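Below are structures written as structure tokens.
You will see subunit A twice below: alongside subunit B first, and alongside subunit C after that.
And now, the complex of A and B:
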């Protein structure tokens, strides 16, 4: 503040301008412009896109968050800029400004606005989690939020160091390294692992679910458009974690059915060697392993991959 | 302590720390297994010969664990090199021979019993073509796999009739798995790995040699 408390104001300079009104007048068009840009220009390009309903939901959530955050950020910046320009220290002004604590109106407004923002976002966030059936996140083996509209296409995601494979139980249980999905149909991912902890992250689908051994982690989505999907492991899982990727596709229903039928036929000799479809697999206790060990003259008795005679770590 | 002595001490300390850092970085960058370079022969093809062993002899892996391991035969000398790094030319047919000196270690996911990405979609066990191997029930048993995920290449390696525990082995009974594949036109590094968790004594077989370049995983460098 430049005015000294003891000084008599000169004529024409005694009225302090309405700083609050000035700040709002500067802030309002900036906030409005920022929100319009976010909603109409930036929002449609925010990750992860709109390939699926869960991805589109995440994109709209990010847009809403950005629209709400932009005015707050703009206000802080405008206030800081205004203070730097108007209330900056001037030559010869060595006195403190007046104390401004205890302003009930400002305190109430601050608490009310921030509370309204946070509580409304909490309600909005919860609704957004429920609405697209878990928002693409893993819901564990007993999912609370399930999509309506009939039985979904079931795809089992099997993670192993360092590759994802996919089983399609509704098409004879064949297993493939290719993730192929039909557009417009609900998909249920049953995510599990054969060894360590991985994470199935189908970026463009907005699906991310941990892959734990002996755990069935369910996630839902519904592809809205055809297009490419990149699957990455999102849990540091060993030497080639960074290389644990899969290229997938969302295709038309007819193309998917054609692919699934052809792959089922092509992989029939392999599929009959696979264990029956279950939600999890214990690769360390496979009944058939005992036969293989016997044939090889090895001592892996009881179908255990490595018998109890071997320590966990050297 | 005089100013000169303090300055000298500081300089020595700075050089010691810098030298240590340089040594550590150089040791990390240069201390890995060697790369075996394969050039195309007169036919325009490359022959890569490898072997798998249940464990390595201490003499073959001085200062390193004697884990289960791949070895690669150097084309110029015929010597077995303890490495999993090799270089091949781009857009070239590679004929691979793997001598199996390890016993049965069945694939956990039977999916990896399928031969993919090879010329003709087949591998040969002792000269007999195979496409899908049931490593749990036979008739062929599997010990390891040779897989290059970036090329969708996967070959289950036939289990040997005996287990050699002092790799690299030469005179012992072994299986012979052969297959061919085409290297891509695009130069680059393609990681390869075994999909059978065979790190005996490690948690579920996933640690140790499975995670260490030079044992059960490595890189194929495709050169232009």
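And now, the complex of A and C:
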């Protein structure tokens, strides 16, 4: 049992220093430096970049959260580090520590600060979600956050084991295995699946929308400048999930129009064999798609799961 | 004035009415030869018989089904084989003996009164009703399951050493990923409640026993069945859908999926049984004076965890049952073109799945909060806040599951709500950090092995928790969802949190449970290697995920090879540090067997006030608790409990602050 609750200063140190002040003095510059580095140096390079407005909103969210998180982490680590150094057990000292059961002011302050941080993050996150039309996340078949300014370019993403096909209904409904988008124009992805759950993840665009069979999952974005896009499947969908990637590009409006018109003409004989454009496709009718591709001498898409590019064993 | 009396017998087993007409006590167990008594070997025989019977029955039922003839696989036979095999395993172990005896109105053997009458190693292979035996059975079982899952993780990292050179086929890799995830998330749900909860909680609340010893033993003996069924899936080519089992992939998959569904269902039942036994024990079996305000914080943690288990696991069991019927009798719960929905599975699974991750986190909170005051030699700072934090996490965890489905396309208007609830849960989680920092203040910190693990827990959980806030934000989650970022996040909270806390708890309580010291030097080597290599393994994975590597891939972008190699090598070294633990565990408990002093940590915990290992029945008489367990440094604090209280003289008032009448 200890003698008195008031701490007896250890021999040689004289007066008990103001530990709280010291901790703050160590913490403040670290937190400031970390925040400045995050905001000015790291933030602009954070994934997924700023190729589209949804990607940019994700980047700014990540930056803001990092700026808020760094001081919190730094405080916990500095406090704990200080405690482990200053308040470690000294050899020969068998007394117990001061019997502090709690401190209402400290607890209230802690709860108030964490609550304020968390609530402001929720408000900020909601604003960043609503503002860029759903921030690139799949909104289901009844999207509530839509971009303004005219009809967007509609691109249907048809996922199947194990590839993505892109259909452009505003250009006669042709299908492409590469994703082409014009810069500066709102894009509406209608994501659906022919078999199991996939996830359409256009990394640089900051778009991720699950592809469910019989479901039309809508996601919006607006490319801000030209560049390459990598599309991957982000939901485990079976054997070749890891290989389910396609390349895409954001090009100028003129280049896009040129590509779309040329492809439309080129694929016209093929397109007329495809099932008419709908928001979802009956998986049982997919076999027709396979026939269309066979006719054109293609393989892989549309129900033919094992094209020549996929060996049985890797 | 009410008088707290020494309770007579806590419970009359076998349906006897206290004070009523008692049936004759059962005859003492006949001293039969070991091979004639129910134990593991009869259980195995029962399992084999049951499996064969079920398989036969399935073949008989389904022999004319065109669906079976077309696909060439008979899920009926497999599922019925697993289910009847499990029943046969339990029957062989003697689980139903007392039940049948009671149904027939015959008295049961009162074996749980003073623990199993037999002693020695043999009782660990039987359906023992002693909570201390069950605790150690759980401990060895859980370590075994953990090591299995860990080996599978080593296989995963071996494959990911190179994006283009493959050790495993894509199919084999997917199998391994699924088995690793399911093993770790499913089998290890009771890694702390099973061993430490069952063993220590009665000691900590001053009870001589658990409320339902038969259910407790049953909850353990279901786990080996689940483990073997899960692993047997590998014989059918495994299951290609990870631990989340998203339909329709899981409905279409081959027979390995049956193993997944039955094993997960069996484990779900085990969790429900484990949870409600612990709830009843904590509520009804506290010693006199063990008020809610004196309950050790670890007991609060397992109480809240048990509520999560009891409320969430039934959804899991129901979901697994629906998957099984979808796969066998062709219901269409999850098939969209027949009126079902793939979203139904996602919602069912995550309605269990998110509480599940707090089932894994909360007991860890409890352990570290239990360890800190002992090695800081200070009372726990903000005991009420810690308990409130655990209750808050428990309540909120039922309202966050849709954050797993932010990109799935369901109800976008609910997204801000689930973002808010998810971020709110970091407030009660933060309480656990407030408690730690407050306890550090002017403490006398001793860096013994359990304390090191507790500190490691806080470091890791800080990173795990903060990365969780990043995931709760819908725009940021759009990039992070389904990537290695998520994977790094939950390994930080579960491996870095739960497993570190488990290890700390083991080093702290094993001297109590076995009366044997774990080697402290090896323990320090174990901690430092595990801490360094854990962080070196999982910290880069945040970057890997942000750079665009999806989860569960056997191949990846060439540009990420260096990072992946770093991670893989760190993971092998992390595996090596677990090996140090295994060596220490085996060396200390089997070979060296250095007896531990009665209370090596000078803890005030009630469990430390009795000999180690505790005698049968734990306490000679039910103790009277006099003060809280964390009164370190409090001048004139009464001892934590009177282990030999005078009968009938202790009034409720005198147990208050003064405690005059029971001054020892």
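The rule is short, and it goes like this: the second predicted complex is superposed on the first by the 269 of 314 C-alpha atoms of A that agree within 3 Å, B and C clash if a C-alpha of one lies under 4 Å from a C-alpha of the other, contacts with A are read in each partner's own complex, and residues count from 1 in each chain.
Please note the rule applied: a residue touches a chain if its C-beta (ideal position, glycine included) is under 8 Å from a C-beta of that chain, and two chains touch if they have at least 3 such contacts.
Since the model is a prediction, treat every value here as computed from it, not as a measurement.
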Contacts of A:240 with subunit B and subunit C, given as first, second, both or neither: both
Which of subunit B and subunit C A:196 touches, first, second, both or neither: both
Touched partner set for A:175, first subunit B, second subunit C, both or neither: first
Touched partner set for A:42, first subunit B, second subunit C, both or neither: neither
Subunit B versus subunit C as contact partner of A:270, first or second or both or neither: first
Contacts of A:160 with subunit B and subunit C, given as first, second, both or neither: first
Contacts on subunit A seen with subunit B and repeated with subunit C across the two complexes: 195-196, 238-240, 243, 283-284, 313-314
Subunit A-touching residues of subunit C, taken from the complex the two chains share: 166, 169-171, 174, 240-242, 244, 246-249, 252, 336-337, 342-343, 376-385, 405-413, 415-416, 419-420, 423-424, 426-427, 430-431, 433-434, 436-438, 440-447, 455, 458-459, 462-463, 466, 469-470, 472-479, 481-483, 546-548, 550-556, 631-637
Touching residues (chain side subunit A, partner subunit B) in the complex: 158, 160-163, 165, 175, 177, 194-196, 238-240, 243, 267, 269-270, 273-275, 281, 283-284, 286, 288-289, 291-293, 295-298, 305-306, 310-314
Footprint of subunit C on subunit A - complex, ascending: 1-5, 7, 19, 46-48, 54-55, 57-58, 61-62, 65, 69, 72-73, 76-77, 79-80, 83-84, 87-90, 93, 95-103, 106-107, 110-111, 114-115, 118-119, 121-122, 125-126, 128-129, 132, 134-145, 191, 195-197, 199, 201, 203, 206-210, 212-215, 217-218, 230, 232-243, 282-284, 313-314
Subunit A contact footprint on subunit B (complex, rising order): 103-104, 106, 108-111, 113-114, 131-132, 134-138, 141, 149-150, 152, 159, 191, 193, 195, 197, 200-208, 210-213, 217
